[in-house]
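Lettered A, B, C and D in written order, each chain numbered from 1.
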Amino acid sequence: MKKKPTIGIFKFTGCAGCQLELLHLEDVFINLLDIVDITYWVMVKRENTEGPWDISLVEGGISTPEEIEEIKEIRKKSKILVAFGDCAVNGCIPSIRNWIPQMEAEQCVYSDTSSIHSTKILGIGEYVKVDMVLKGCPPHRENIIEVIKSSLLNIRPRLRQHPVCMECKLKDNACLIISKNLPCMGPVTSAGCGAICPSLNRICEGCYGPMSNPNTSALADVFRKMGYSEEDIKRKFRKYAGMTPEFRKEAGD
Amino acid sequence: MSNDLKPHMAIVKDITIENSNTKTYVLEFADKQQHKNFTWDPGQFMMLSLFGVGEAALSISNIPEDGLISTTIRAVGNVTKKIKELKKGDTLGMRGPYGTGWPIKEAKGKNILLIAGGMGLAPLRGVINHIAIKRNNFGHLEIIYGARTPNDMIFTNQFRDWYQIEKSRLDLTVDGIPPGTPWEGKIGLVTSCFPAMKTRPQNSVALVCGPEVMMRFVAKCLETIGFKENQIFLSLERRMKCGIGKCGHCQLGPKYVCKDGPVFPYRDIKPYINPL
Amino acid sequence: MGNEKAFTIEKNDFGRLLEHLLKKYRVFGPTQRGLDATFNEIKTNDQLFLDYVSTVLPPKKFFHPPRLELFSFDLHQKHVKIEEIKQDEKTLLLGIHPCDVHALLRLDDFFLGEFQDPYYQNRRKNTVLVALNCIEPSDYAFCNSMGTGPFLEEGYDLLLTDIGTKYLIEIGSDTGQNILKGIQLENATTADFTEKNHRFKLLEKRFKRFINTSWLSKIAQENIDHEVWERLGEQGGVSGSLPCLSCGQCSLVCPTCYCYDVYDTLDLSLKKGKRIRELDSCQLLEYGEVAQGGNFRPNRKDRIRHWMLCKLGVAAGGQQSSCVGCGRCIRTCPVGIDITEVAKVLRGE
Amino acid sequence: MTKKTLTVNYIARVEGRGALDVTISPSKEIEDLKLRIYEPPRFFEAFMIGRRCDEIMELASRICGICPVAHQITALRAIENALDVNPSDQTKDLRKLMAISAHIQSNVLSMYFLSLPDLMGYESSIAMTKNHSEIVKRGLRLKKLGNDITDLIGGRAVHPVTAVIGGFTAIPTKEKLSMIRERLVDAKKDAHETVDLFTKVEKPLFERKCEHIAISDSRHYAINEGRLRSTEGLNIHETEYRDYISEKQVPYSTALHSYVKTRDAFMVGPLPRLNLNIPQMSLDAKDAAKRSGIKIPNYNPFNSHLARAIELVHDIDESIEIIDRLPLKQEKREYQSKAGFGAAITEAPRGSLYHSYILDNNGIVKKADLVPPTSHNARNIEKDIYKLVEENSDLSVEELTLKCEMLIRAYDPCISCSTH
């Protein structure tokens, strides 16, 4: 029998939600095992190999010196390295703390900070080359499958780079900005989620990070017109992807 | 009713390596009858499918007289890189031919100036082959071909035949030479071949294909030396999704590259390729 | 008018007509959703929302679906098995407004001209159109300027007009005639038609938006270097709008925008899959991408210009404007870009 | 005998990154024992400061991908308490249904995919698919049911989106809920089989009496609301939490250790819930408990699995009950920002979860205080291991290591939560 491609699944600083999303592939999980061999996944397996891996899915951001070394090791042993979810892509929600002096953050939680040595939290791309990017908090199952399939076929995955508004309209939703005067982040946020939030009457919060070439300043102006304060606007851009160059201007320094 | 979007199966009959990234594939419809009824004009293109990967527009690079269909493909993205992995006997999906070919009828009795850049020679090869077998129908033939480096040229093993075409001239140039590459031709952009060019505007047509910047440049130069807008023909490229004027991706002002082109008289598209 | 047979039905008796239609067709019509209306399947009379102003997505979603499976393929054998995915269900679209009927006529020209699109054609052939004249123009519409509304002259199988307590029902085709077989209806009177004409006159005065179409496409074509595009794309905006977000909404809600993307999907066996087409938008960066990182419309300005020009009749859609004046793009634009205002600027008004 | 050291550098089949180090002297004395949680902290309590109260549910969700629902509901309730918002019965019911669905998902994950391989002698559930595909499929089926309910109410299973201050942005349709109801009815069989499976599999004999804590309510099986009670007589309102429970930092762990102020470490989770709240369970669940022969109160942490299985039966029953009484009305949500303090305790799948917030006049968070179940349990796990190692010091290093790991997994610690 032909050897199946190997997959490694790794966790850095994050919430394990992306790994869970992978486990939530219940319907096809067993079919997935037919085509790949998961050889490293500590959350699910007790016996894990030391690699190398054809595909490595890395969840979580990098927030300690040890993690920097580890991600470099994994890079060396991986053919295709996937930044699996927003934390790995750009630090996600935990990156909000990058705007607080590290010491202040530590003292907020620990009385003795001498044993804590966290750094700013950044995406893995800050330290190693990333081959594919699975945006989202968490990435949609369909996108995870798409990335695994295209890695196996050695083609570029079809991942949406256009705004959430596209998927929102494909679902026949009335725009929340114009019909309810709500501060939706859809027009600057990458699609891929299936416009879950606006379809459920909730504004897009931006959990897939920036779309390709977003016009963030125009959207910030839309929010200003609605009466949102500069602080509110900063908070909106400084959430899932405040560290990205696209959102950085509106996220503030 | 027939479904133009549904590909037909075709078989790879032969493969020639052109350069490190480009191969020419000889294709035949699996359905022999279909193949028999199939014909095209040089300059037209096909939509080739690798199922599960996608579809791409590719010019036919030979003439119907050859019997089988040739297409010369550079591996640049999903579909084309996967096509590169195909072997003789493999199958792919194919539909077409689409678009307008080169204006061979109008060119009858005229001098022909072919200017190609890089892969742009692929859709023009059919024209050269056609002239070669119908030599008396045309006036002087001049081919100016430029590529980034000698290693990026295609059809190099046919240059010798082309040199031998009567009343013709072949001029080759490259932008640069990587160390250690043998090269005896010119160095410089295609326009650097213009001073030595023999073709005069009178009773001539210029057929141009290459990267869009190069074509824009060439067309301007040709105009300055007296070619009229309707004597210059360009073959354009867009990322087509349907090939039949529906998906919109190849819109160029009021034109569709796929059905009104890809070959256009310069006159028709001049305002739009600068760029719109 | 009046020479063909026409009927009326009391509004509170409309359920009877609907039941009659439901016997033969799956019926789709406007339903209320939040503040807006959308076309959905109708099973009972109370789901119908005939007094709607406009819908989010136009009826093109039934003919040129936002996401459509073209065919499936099976790669187990070298000779790939391809199977077309067909949809032959008989359906009836109830309550479609004049502008949207006109949009379908434009799409007909496009999809049924050279290279007929079998998917569109099939759906069009199997769908009966029961149109409904508008009772009130939307704040955003300018169909009157475009000659596509508020009342309809052509393109319908049946046409309803609200004339107070009743609907006037006019027949526009043999299909329309046949549909009404077997249901008892009042014959329309001259007074009913007088009422219709009266209402039309009142309506015409209530439009808030206008566009001067004379020579518009020519003017637009001559203004491809106008500074308005820079303002729309990057800085400033036009008549109180902000610059475009490239959100793509305007083209998805436009009843005549047809551009699509095509891609393949495979299941996890990597042996079976489908080819999908999905509505695309020229407002997106990805739309103009070609091999090797090239892009024909890298700037927002290029893209919004392309879209506007297409709507104003300069792009490949044809020399005639492909806009039917439904106003959806204006209503949905988060930054308030208004094609009628852009037209004014181009005219130098 | 020589010195024994047990080392697990990266504990498998638990969420997050933790290690275990135990050193046993030749005289069988435990010289050192550390559950070393080295997962880097994310400092939620720091960066929540300065955020709007209506964002907190969304941020809190990201503390944990396994129990986002618990964090969302706890955060929402704490904020609502601060703002004096009292959501409708329908909202409370929908929230409970959502919380239960997350319990189903998480408990099934813990039982079938994280712990069962130990009990059946496999390295993972993936390895089990070959010989026990029926069991694995049953696990997947049950887990999917939980997920699908969360998905239906919340929009997606991981980090759902619809729950907001005062209610939901959208509620599910009757049709969809009745489809779920049918599946719930069918799933009862799977649930009972789960109880039987975890009755049958051999669990280590072990017992350590310690304080068991859970929220409790005399009217129903408490998940989202109740008083915090314990087997040692604790009985407090959620606002009093900090008067009784405190946390300590230990130098080798990024997770803080909780303890009852005047007493000691304690346990939270399914077993304490069973011990304290079995009277409020459904009849069927009580029957299942009886059938399994589990003795209540029970102080064998390895029985947590069985407790989860019994809870599963109850969860399904209560879900059906809730679906049957949901009016599915569209409701208005309104609230005013104001300054205040709000606290809430809920039962996350792994046990009691505490959130509290102080808001300023504009509804901006001034202080956040979060204590997840795994912080509550951290010290207790160590104490259990201590006793387990003491009692089994004759075993080989491998066997003893596995036993310790099994014990840790019985708690199903959620390390990311604990180091939030």
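Basically, a residue touches a chain if its C-beta (ideal position, glycine included) is under 8 Å from a C-beta of that chain, and two chains touch if they have at least 3 such contacts.
Predicted model only: the values in this text are computed from it and were never measured.
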{"item": "Middle chain, criterion being Cα centroid separation", "value": "A"}
{"item": "A-D against A-C, pair bridged by the larger set of C-beta contacts", "value": "A-D"}
{"item": "Distance between chain centroids, defined by C-alpha means - chain A, chain D (Å)", "value": "25"}
{"item": "Centre distance in Å when chain A and chain C are each reduced to the mean of their C-alpha atoms", "value": "37"}
{"item": "Whole-Å separation of chain centres (CA-atom averages), chain B against chain D", "value": "65"}
{"item": "Whole-Å separation of chain centres (CA-atom averages), chain B against chain C", "value": "39"}
{"item": "Sequence positions of chain D contacting 2 or more other chains", "value": "none"}
{"item": "Touching two or more other chains - residues of chain B", "value": "52-53, 77"}
{"item": "Residues of chain A engaged with two or more neighbouring chains", "value": "153, 201"}
{"item": "Category of the chain touch graph - line, ring, star, complete, other", "value": "other"}
{"item": "Which pairs of chains touch, using the document's own definition", "value": "A-B, A-C, A-D, B-C"}
{"item": "Complex contact set, residues of chain A against chain B", "value": "153, 155-156"}
{"item": "Complex contact set, residues of chain A against chain D", "value": "11-21, 23-24, 26-27, 29-30, 33, 38, 41-48, 63-64, 67, 92-94, 96-97, 99-100, 104-106, 108-112, 114-116, 118, 121, 137-138, 196-197, 199-202, 205, 207, 232, 235, 239"}
{"item": "Of chain A, residues touching chain C in the complex", "value": "28, 31-32, 34-35, 145, 149, 152-153, 158, 161-163, 165-166, 168-170, 172-175, 177-180, 184, 186-188, 201, 212-215, 218-219, 221-222, 225"}
{"item": "Residues of chain D that touch chain A when the two form their complex", "value": "10-17, 39-47, 49-52, 55, 58-59, 62-66, 68, 109, 113-114, 117, 123-127, 129, 133, 136-137, 140-141, 143-144, 147, 155-159, 161-162, 164, 169-170, 249, 251-252, 254, 256, 405, 416"}
{"item": "Contacting residues of chain C [partner chain A, same complex]", "value": "33-36, 38, 56-57, 61, 66-67, 242-249, 252-253, 263, 266, 268-270, 278-279, 281, 284-286, 300, 331-335"}
